[in-house]
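By written order: A, B, C and D. Residues from 1 in each chain.
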Amino acid sequence: MKERKIKNIFLQGAIDPGFIAGSIAKHSTKTDIGGHSIFLGQVRADVIEDKQVSAIEYTAHEEMALARMAEIREDIFAKYPLTCMHVYHSLGSVNAGEICLFVFTSSAHRKAAIDSCEETVERIKAELPVWGKEIFSDNSYQWKENR
Amino acid sequence: MKERKIKNIFLQGAIDPGFIAGSIAKHSTKTDIGGHSIFLGQVRADVIEDKQVSAIEYTAHEEMALARMAEIREDIFAKYPLTCMHVYHSLGSVNAGEICLFVFTSSAHRKAAIDSCEETVERIKAELPVWGKEIFSDNSYQWKENR
Amino acid sequence: MDGLTIQVFGQLTDIVGAASCAVERVDDTESLKTLLFAKYPLLKQKKFMVAVNNRIVKENTPIGEVANIALLPPFSGG
Amino acid sequence: MDGLTIQVFGQLTDIVGAASCAVERVDDTESLKTLLFAKYPLLKQKKFMVAVNNRIVKENTPIGEVANIALLPPFSGG
């Protein structure tokens, strides 16, 4: 197995819009970038059998998730001419309306940024050992299923 | 010709990351949203025959651009199940490393948000009467060409 | 009779030397082009579209009494 | 001989009643599954993958001396 640099992607609780702004602002010194693509996952207040989701509680097999994310990052950088990629995923409780996933890719031209962002989001959803528990307003819950 | 609501998309100068954060934060009350897709155009410090781009000065036929943007918005909303769409484009001078275009789409599910954002960006680049003048550090310039 | 004021954009402003130019009134967009090419020969080498009353016209189009006219070179926004 | 500690995730925690469970040591993942199904019959109805030392294994796989084992139901992150 190759040695990969393992970066933490997990943040406790919701991802603040101010954090996203800070991440964008840091790229102003990288003047070879022409386009950024950002995906944000937001917790929906789905109604399931008359009960409304008020939050999702995320847990992960962190060690496996970070190792797999390092592989995904390596694959994406091999496939697209990216300047950089940043990924953050919430752990713990995230309320409906709050941000739980932040994927951010940058490239000289828009196509690579846009395509790599979408592919990274799909792979994160399919491949990272992360689980969401949908908490209803009456404190009952069900386990989230990705489609 | 149908009556369309004309929204202004033009901002004077660069688009501040704090403005983007504010726009994201406003969506926390829309709890039917599950995914946001954002594209940001950033001014590249391209080097052309030994001269480096230090800024782009944008001008537009504003009335025509806003009317066309209203058509694009209508088409995109007809094609994708979107919760909302926001578009901002700079006018005047934007320095290398600063943001000149901000396209932001939101939907219950990620696919519609991602696809509509990309399509909107492509249409903005192809269809809006906007022009960029690349200013070099020695104050000479050339007119930008989209590819 | 008033003349026409033509708005110009992008690199066409370098040829015209301003963001607009005044020409004598003509009946249609083909006559306008002939007039402009005579006045600004460099325009002939440039790609541009003509907008009459904020609509891009590809065929020869009459220019009415209160027409506003714009010359639009290839777009380069974003 | 020490037993094995099995980490469980997602909806499997509802069946096991905790984020991990302890079982006696077994030689391979098939024996482990047999043991777990006997102890937690509801597990049989659930889809999950087994990870040995942080690698998902699809075939029957030996469980070594210092193995860490995890049961992973379908992912639902993002």
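The rule is short, and it goes like this: a residue touches a chain if its C-beta (ideal position, glycine included) is under 8 Å from a C-beta of that chain, and two chains touch if they have at least 3 such contacts.
Predicted, not measured: the structure shown is a model, and the values here were computed from it.
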item: Chain whose average C-alpha position is farthest from chain B's own; value: D
item: Cα-centroid distance, chain A relative to chain B, in whole angstrom; value: 23
item: Chain A and chain D, separation of their C-alpha mean positions in angstrom; value: 27
item: Inter-centroid spacing, chain C versus chain A (mean Cα positions, whole Å); value: 49
item: Overlap residues in chain B, where contacts from two or more other chains coincide; value: 41, 121
item: For chain D, residues that touch 2 or more chains besides their own; value: none
item: All chain pairs that touch each other; value: A-B, A-D, B-C
item: Chain B contact footprint on chain C (complex, rising order); value: 7, 9-11, 14, 51, 54, 70, 72-78
item: Parts of chain B lying in touch with chain C, wherever the complex brings them together; value: 41, 58-61, 63-65, 67, 89, 100-101, 121, 124-133, 143-146
item: Contacting residues of chain A [partner chain B, same complex]; value: 17-18, 20-22, 24-25, 27-45, 96-99, 106, 108, 110, 113-114, 117-118, 121
